Amino acid sequence: MPLTPEQKAEIDRLRAETAPTRRATVPALEDILYEAIPVLDHGFVRVIDYMGDDAAVVQAARVSYGKGTKRVNEDRGLIHYLLRHRHTTPFEMCEIKYHVKLPIFVARQWIRHRTANVNEYSARYSILDNEFYIPAPEHLAAQSTSNRQGRGGVLSGQEAERVLSLLRDDAERAYRGYAEMLNETERGEAIDGERQGLARELARMNLSLNFYTQWYWKTDLHNLLNFLSLRADAHAQYEIRAYAEAMIGTVERWVPMTAEAFRQYRLGGAQLSERGLAVVRRLLAGETVTQEESGMSKREWSELMAVLGRKG
Amino acid sequence: MPLTPEQKAEIDRLRAETAPTRRATVPALEDILYEAIPVLDHGFVRVIDYMGDDAAVVQAARVSYGKGTKRVNEDRGLIHYLLRHRHTTPFEMCEIKYHVKLPIFVARQWIRHRTANVNEYSARYSILDNEFYIPAPEHLAAQSTSNRQGRGGVLSGQEAERVLSLLRDDAERAYRGYAEMLNETERGEAIDGERQGLARELARMNLSLNFYTQWYWKTDLHNLLNFLSLRADAHAQYEIRAYAEAMIGTVERWVPMTAEAFRQYRLGGAQLSERGLAVVRRLLAGETVTQEESGMSKREWSELMAVLGRKG
Amino acid sequence: MPLTPEQKAEIDRLRAETAPTRRATVPALEDILYEAIPVLDHGFVRVIDYMGDDAAVVQAARVSYGKGTKRVNEDRGLIHYLLRHRHTTPFEMCEIKYHVKLPIFVARQWIRHRTANVNEYSARYSILDNEFYIPAPEHLAAQSTSNRQGRGGVLSGQEAERVLSLLRDDAERAYRGYAEMLNETERGEAIDGERQGLARELARMNLSLNFYTQWYWKTDLHNLLNFLSLRADAHAQYEIRAYAEAMIGTVERWVPMTAEAFRQYRLGGAQLSERGLAVVRRLLAGETVTQEESGMSKREWSELMAVLGRKG
Amino acid sequence: MPLTPEQKAEIDRLRAETAPTRRATVPALEDILYEAIPVLDHGFVRVIDYMGDDAAVVQAARVSYGKGTKRVNEDRGLIHYLLRHRHTTPFEMCEIKYHVKLPIFVARQWIRHRTANVNEYSARYSILDNEFYIPAPEHLAAQSTSNRQGRGGVLSGQEAERVLSLLRDDAERAYRGYAEMLNETERGEAIDGERQGLARELARMNLSLNFYTQWYWKTDLHNLLNFLSLRADAHAQYEIRAYAEAMIGTVERWVPMTAEAFRQYRLGGAQLSERGLAVVRRLLAGETVTQEESGMSKREWSELMAVLGRKG
């Protein structure tokens, strides 16, 4: 359970208050505002604030004085057109802010997306909680033998047990060392009056990368979709994908037309190369094409056959 | 008057609608939401949407579960501390969206600020209105004789009259040429059935840089303050400064604590160089210091004396 | 001819000097360094500086100590893999700087690409030359009747003549007005001693959007490829496409492996939507598919058929 | 010693090769190109590539066809003027690329500067070395009692010994766990043929934040100076300051005029607030001013007095 009762109460208080606004408002997203959507064993994603809706995309594309919307069908068609033709700036007119609790190694992948605003909990200033990520047994994957950057089958038996106990023991020991070096209670008092306590900014280095951190992360809809298309992809590491999938759910509530176009043109589509396109045209013309004459590498060829739903 | 009756009605319709929201809401900004604040002869600035408030800055700095606010005095102190010490990321957690109507030469200066989202009215797609900027007589400045990039005194008499009529005549003629080449009514019908009409994307090049364009412009509070500190500065061209000043008024409504800190530490303050600081220390110690021994150039010295309120 | 004899001599002087460097060096790009590649009637593109080469992409992908290159074939394969799988950061490790002379309306499209560094010639500070763009007769296109944002056939006969003379007359008149208001010779002396001269920052607004400006523009290889894929596209306005095509030539000299992969996966390829992919799979399985049952709009269907080289 | 003999030999090979170039070249920076400048116990900074020099800043400010330089004194004056007046774009025309080896907790601070290009060694793909940071005894600081985000005095005696052995033991144990879970030799063979080995992307989470990582980091001169002014500041954590200081040395070799102006206007200068400026003016007029009547908080007042070299 990622939240303390005090945190839960604070969130309930926020959710209980409403105020009238003239801004674009999305009831389906308001319904879950501030609520923590659980991810992994101790993490979460919470929508904290948002600006704009599907109509704001339309309005920006038309640079209009009012809402810019016409009939629902035309708006939907315009949003699909914009996404299909890479007219990205209207989607930048919507903004969303999340509060995320996540393991540090996930945070390190995430932060590579630079077009976002971030405020992270500071372990120079504050003391981190004793919370770390341990994979569920079904996610305890072996190294892939075919892909250096991927997972193979799930570990089982003694090896799985050993890995889980090793991860847990080392994390617990790391936190004990951290706490001992700090020599500080939660109220900032010394545990051992004889010792000064190591500076927080130094002590934190004893923690391992599966400890949880948290941050506020804010980005626009265009960059969010980029992030999601990369991190909800099958090649992304499972742990960050779990966050991306939770966030796609919030996008569907927030901007349903854009979310639909995103599935249609980004998540569900495929990019064909010049050679790939040539192969498709020849196949459609009834020709037989082999990998050798396609000019493609074996790997590329098998990627293409997978996209086309054919055997290599 | 920059708005047509139809536009005014559209804005009134938007302003009449409210909805309940759980998000942070700022009544003083809601009061003017969607309204056009006039700037120059045909331009305006309208706040279209916003995200966050002063408390959101505090909340981000504390990465809290709730509003993060403590007592008003502590929040105010924290905001001042953050701005004073260049802790800029909490200010990035607030976002604002403007609709701006502005002359093209102002737009060209403005767009140099890249950390913003922009959707401009497309003259490839649509036809521009016959509206251009003519300076008011009190802004018809001569070239500065001391500063190659600045204005001197105001033109008067025959020279002023000649400039005004020349600007007006050339703009009107440019628009006539534009309209004739387009050969198109507002409804998209040919004026002269014998002609095809030049492509809009080409015809627009006949218009001069004082014609008005418009855009949606969205940025975060940190980057907005950067923009305003540069463009509300005395060295900025008057025409863009007029927009910056109208926008500072909206910032004061939106985030009054941040606006106060901004005046205190950015607009009203001054940066001293290492040599400038050495001069101040020596003066405070009762020494006499001359430009020659300060190691500063004449220009730098007179800038310093101006900051200190002393005669050069 | 876009360069004066003095400018030409200055460029020749620069080209005559070489110095030894330990940095990655690309002889094919050095061959044309500083040279002006003509674009449109008075414009040009010049490569002024560059950092990195194809091997630097490989090196960054491997975060290696040396050049990171293995055999040519492996490097080529890696570069193709990176581009195919949207691993964009290694391409950001190469940087290029151009000097570009271009009409203002082209500059306004160009500047929408924000992830670049720009220094533009300042018309607040200096006086612009009397040079403006007039389309060649074969580029004098009519407005498209099917696409609101596009060109149709080429204008001819009297209409073409009228447009050309109108563009030329209005530009010349705009410059005369500009010069008169400035009341300044090239040496900064007053033409008419009775007048003060309008400030440069104001006078410039009389010029039309076909006047030439110039800037230094610097970006990394990843963002350059993004720019080129959008601006060398058939949907881009001809005038900016002319610049993009000249720049693709410089990319081919600079990073030939990346340029080849770019043609293969970006320029020559196509993005299929989820529905588009379903259509292709069904066609490959020998089924007949119609637009109606595809779930696609007519426009989208005809785009797909064009990509597949089939009649709609 | 941060480099293996193989790495050292690879660097020597690179340094031995030169090629002629027409680009701007800086011999003082070429002298140290590719060389590892040691930082902390196992880290380093290496300049890998660069673009431009002081003259390129001048050239961009003048948008010239040649080098843009006039006399040395004028160039120096222009660079100082640009930096003093926040004309930042000419400094963006120079670019530098570093290879950095650094502890992960330092990398996490560093990456918060988003306007840079980064390629980090991938622990999803490769196995990290057994190298971790242990502070030198003189940097083993206690938590500050006055500043929640800072260091106090140096730990000594038994407490210091205990901290050092704890950091070392926990890091070693973390690596043993990592290696055991991977079950893999450097050549990719299984250590224990009965086990599959945990996926690299999971095993890495057992490592602590003082383990070393490495990356290629590339940025422009303007953003580099921003980074350095924040990270070479006395308030920055010692460990990142050590990197910033090594990098300032490279900037002094690369662009000596800019480096001098940077020290003059950024590192050595101070920003005064509106109230601070009012205090200085009153003091210079011979008045006595107290904290109470200054309108400043105690903290702000003592910061001001420190800047002015006076007792609070």
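In order of appearance the chains are A, B, C and D, and numbering begins at 1 in each one.
Here, a contact is a pair of C-beta atoms (placed from the backbone, for glycine too) under 8 Å apart; a residue touches a chain by one contact, two chains touch by 3 or more.
Computed from a predicted model, the values in this text were never measured in an experiment.
Counting C-beta pairs in contact across C-D and across B-D shows that the higher total falls to C-D.
Averaging C-alpha coordinates per chain places the centre of chain A 29 Å away from that of chain D. The distance from the centre of chain B to the centre of chain D, each centre being the mean of the chain's C-alpha atoms, comes to 34 Å. Residue positions 89, 112, 118, 122 of chain A each touch two or more of the other chains. Judged by the touch criterion defined above, the protein chains are all mutually in contact, each touching every other. The part of chain A that touches chain B in the complex is made up of residues 3, 7, 10-11, 13-15, 17-25, 27, 30, 33-34, 49-52, 56, 59-61, 63, 65-67, 89-90, 92-93, 95, 97, 99, 117-122, 214-216, 218, 220. Against chain D, the residues of chain A that register as touching in their complex are 103-105, 107-108, 111-112, 114-115, 118, 122, 124-126, 133, 135, 140-144, 148-153, 155, 159, 162-163, 166-167, 170-171, 173-174, 177, 180-182, 184, 194-202, 204-210, 237. Across the complex, chain D is touched by residues 77, 80-81, 84-86, 89, 112, 230, 235, 263-265, 267-277, 280-281, 283-284, 297, 299-300, 307-310 of chain B.
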